[in-house]
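A, B, C and D label the chains in the order they appear, each numbered from 1.
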Amino acid sequence: MPSLAVRLGLLRLESPLVLASGILGVSASSLALVASRGAGAVTTKSCGLDPRAGHPGPTVLPVTEGLLNAVGLSNPGADAMCEEIREFKSRCPTTLLFASLFGRTVEEFGEVAAHLAAAEPDLLEVNVSCPNVSSELGLPFEAKSKELAAITALVKKKAGDIPVALKLSINWGPIGEQARICAENGADLITAINTVGPGMLIDTNVMRPVLSNQVGGLSGPCILPLAVRAIWEVRRSVDLPIIGLGGVASSEDALQLIMAGATAVGIGTAVYHQGLDLFERVNQGLLRFLAEKGLEDLSEVCGAAHG
Amino acid sequence: MPSLAVRLGLLRLESPLVLASGILGVSASSLALVASRGAGAVTTKSCGLDPRAGHPGPTVLPVTEGLLNAVGLSNPGADAMCEEIREFKSRCPTTLLFASLFGRTVEEFGEVAAHLAAAEPDLLEVNVSCPNVSSELGLPFEAKSKELAAITALVKKKAGDIPVALKLSINWGPIGEQARICAENGADLITAINTVGPGMLIDTNVMRPVLSNQVGGLSGPCILPLAVRAIWEVRRSVDLPIIGLGGVASSEDALQLIMAGATAVGIGTAVYHQGLDLFERVNQGLLRFLAEKGLEDLSEVCGAAHG
Amino acid sequence: MGDAMRTVRVKAIVEHGPGLKSFLLDGPIESAAPGQFVMLWLPGIDEKPFSISDLGEAGLEISVKAVGPFTRALMEVSVGDYLGIRGPFGKGFRLADRTLLVGGGIGVAPLRFLYREMGRLRLSAWLVVGVRTAADLIFPDYFRSLPDCLIVSEDGSIGETGIVTDVIDRIIDQAGTTRLAAAGPEPMLVALRDLGERRGLKVELDLERYMKCGIGLCGLCCVDGSGVRLCVEGPVLSSAELRGVTDLGRPHRDATGRRRCGPD
Amino acid sequence: MGDAMRTVRVKAIVEHGPGLKSFLLDGPIESAAPGQFVMLWLPGIDEKPFSISDLGEAGLEISVKAVGPFTRALMEVSVGDYLGIRGPFGKGFRLADRTLLVGGGIGVAPLRFLYREMGRLRLSAWLVVGVRTAADLIFPDYFRSLPDCLIVSEDGSIGETGIVTDVIDRIIDQAGTTRLAAAGPEPMLVALRDLGERRGLKVELDLERYMKCGIGLCGLCCVDGSGVRLCVEGPVLSSAELRGVTDLGRPHRDATGRRRCGPD
């Protein structure tokens, strides 16, 4: 009997599928809804120290086979998020909860991590790669090696026993290099990729950018090849388990990321295109794949495309 | 009577539409075919000093709303290309011909430029951003500020009176910064963007990358928002005319690039999705736009989205 | 591609009273179900959810009450200006015979559309419209002209004096309705739900929560409890669905996702 | 999504002779026109164009002659191995009554498919198959079994001795064909075009040029003159289209896009 369970570092997930950060991730109730649909883990919306309303609308726009978003890291703040985490954990004991976080300074990353760690999430995911808050927060920290190293080390210290993943994008140079910096500073996992670009959409009637933030990150099926490549690159650079995501909308897509080197696979935008049933559908597709190839579990094909 | 003619620096194009480099660009006959369909200018395949067969197949793969390609700069070499350029110019006197070139070293860029300049193309477009020859040629030169500056200056010297465009991508950090380096070293125009990524596609049956080069650049409708943003960025950084391209498949798309700051608009991958009639269709759409808004020509909306 | 942003011109504006207007937009929606909403973009300002208050040959109608920065800015819009539209989104009311429609304040907007659609389908409908005062009612002449419409106002300046719950029992008795469809302030909706269920009616309520994406991703519009996304599975919920909502009539989440302290 | 790459297993292999094999692939093409081709990917090696030599319930058939590195590597493939397919691409032959089909060497591959399709549609067809020697012919028993098929070989080892152009006039006279469809080496095709036009036939030729993308972008397969893309507007061209081809029977372009010096 093939099994979908995977070992992600020290964690065990019943399914490799993870709800991506930023998708239905502000309340215990919405996270629980997704958990009930077959995700092995769910990730909260990236959380900062204080409540943030994010950018004015429009913040999320459909584009060709994808989305452009500049939500702007709206979140209820670390303390409110801790309540949601606790509520989720008591409601959904078999689904893992990953708490995503960001900070405006290196120190703030540490503070938020310390706050969230108190609620005992199963993983802390450090968002150093959000591409749509630059006008306010400057370049994403992943673009600055020294800060990336410092954030990784600091969060790791505050996290105690909780494993720490650094979430990277492809927007600021070689992702393999960034992953190496994270690994050297104690990261337990790499999550890749965050949204791409950023990009922009201009309305030709009013002749201005449509997103209130002007630019936003690109996600969805159109970025899948970029995600496959990024994970391939990370896998070659570091020896850490990878949560791969970017454009996954089918079990075929998930398998591409797994064969490139991912252990778990995040799903975000496809929830918009395909609804919440997608998790169960992809799970079924993965089980079919294992059965057809006569495999026990997905670890047998993790990174298989590296030959 | 609105007119589609645009002034691109010192050049005058009957239509702002330009056939992108790499598309139907190896022979005078194929370029003439496109010219007859309504392009204001056509660009040759990027040409090096010597003939190159490029990568083994597969080299071009359809992905979600786009293409992944690693043709690998196959080209007949500068001397053979000069013949094609001369033949094209005698066959199509009203369509401009842009000659794209690359080199393996800074010096070689200069050599190729000198060769091609002899055939008197209307523009030399310098491809410093091809993302699918790294395993052989190393990082694209756009990623290395010093070389980028040197190549720009050298090609400019060899080009004589022929205007020089530097073609950039978004794959190696801030494109605005790169454009600035080009401008400071004498570039007359900026072309943006080259293909994105690179990306990768893995076949889950044979469990290996499908492109023989493993990775390839992403193009087509899915990269449009990234192109809009890139042109926006270039426009803010430098005061040079821009040949904007990336994912254009309609007059709406073309207008987005124009409002972001492009003077001329390249079309590549959409030829695959929509056929050669696309040039005429986009021309018609642009004329309709001018008529509806009561505008004389497109210069009135170039960069309009910057407010 | 109804989900993509399209900008369209404002064709006509009706001013009902101070800070209360309806906007007729030139397209771009072909069809929608009453209860569905659109995201309305005011270029340079913001984007907010609004119910469709009518849809037909003439175009798309939105009725807006000024309550804050965005809706106040909307009041400055002129005919010929461009507005952006995404949608229609969500799930609307069921169209079924013998339905009692109850709208409070600007909540009558979607019921105007519902009543018209039911008329087109020759389904019998009764309409109760409640406002604080006459100046709060959109299209007063229209509602007054309807045969099966009862208007109530708290100050008696239009229709009967009172609130909607005062008159519901009477209508149910007279008309023999079997369904209740309501939109308006949440305390009113809760009262109507209780009343409707007591009378054995099938109840549907049009709820509001903070909405950002409109397409089921940001999670801000999820009700507490079942986690249902009002922008996709709602905004109209049935009695059964409402049973999963633990924050009904209680403070909701704001733009940050935080639960508010006081009542909304 | 016929254009995307799909890997499929080899179901069966027929060895016709040294360096001459047909491969039956498990799917993935539902329908195609005779004359259309696919891009065949041998993982780890390369990807090259091949005509469809048959398509039916059993699967997709490709017939290959070993001439270089790729086709030789194909000879090593075993049943159960995966091959990648993109396509079908291009424009095939017109299916019309009273057509004379002429194939030379491995060029008979697309005509095998064309003959079958014409049979299914009950269109009358005559087939002339020319090879250097018996060992160069795919499915010899099949072709021998066809009533309206004439085989010629240069060395007389199978069928009549001679080349195809020797027998065409005779068949046209006997059968009263009005159309000619041909595939094979380009010098043969040029001769057939001249002969066909002299006899007043409508001529279609299945041409070959270097192909890389298969989808009309790389430009390598464009004929000189009209610039027509053989992978999209061809590979089958009509007499009228052939008039625009200035490099017919002359050296073509190679993988670099350079015109070859000698004949192909």
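Everything below uses one rule, namely that a residue touches a chain if its C-beta (ideal position, glycine included) is under 8 Å from a C-beta of that chain, and two chains touch if they have at least 3 such contacts.
From a predicted model like this one, the values you see are computed outputs, not experimental measurements.
Chemist: Are any chains cut off from the rest when chain B is left out, and what groups are there?
Modeler: Apart from chain B, the chains cluster as A, C | D.
Chemist: What chain lies farthest away from chain B once each centre is taken as the mean of the Cα atoms?
Modeler: C
Chemist: So how far apart, in whole Å, are chain A and chain D when each is placed at the average of its C-alpha atoms?
Modeler: Distance between chain centres, rounded to whole Å: 50 Å.
Chemist: In whole angstrom, what separates the CA-based centres of chain A and chain B?
Modeler: Using C-alpha averages as centres, the distance is 34 Å.
Chemist: State, to the nearest whole Å, the distance from the C-alpha centre of chain C to the C-alpha centre of chain D.
Modeler: About 65 Å, centre to centre.
Chemist: Could you say which residues in chain D touch two or more other chains, in rising order?
Modeler: none
Chemist: Give the residues of chain B that touch two or more other chains, as numbers and ranges in rising order.
Modeler: 63, 201, 208
Chemist: Looking at which chains touch which, would you call it a line, ring, star, complete or other?
Modeler: Topology of the interface graph: linear, an open chain of contacts.
Chemist: Of all possible chain pairs, which ones touch?
Modeler: Going through each pair of chains, those in contact are A-B, A-C, B-D.
Chemist: Which residues of chain B touch chain D in the complex?
Modeler: Of all residues in chain B, those touching chain D are 22-27, 29-34, 45, 51-54, 56-63, 67, 69, 71, 74-77, 80, 201, 203, 205-206, 208, 210, 212, 268-269, 271-272, 275.
Chemist: In their shared complex, at which residues does chain B touch chain A?
Modeler: By the definition above, chain B touches chain A via 63-66, 68, 170, 172-173, 196-202, 204, 207-209, 214-215, 218, 221-226, 228-229, 232, 247, 252, 255-256, 259-260, 289, 301, 304-305, 307.
Chemist: Chain A touches which residues of chain C in the complex?
Modeler: Of all residues in chain C, those touching chain A are 1, 3-5, 7, 39, 41, 43-48, 82, 84, 86, 212-220, 222-229, 246, 253-259.
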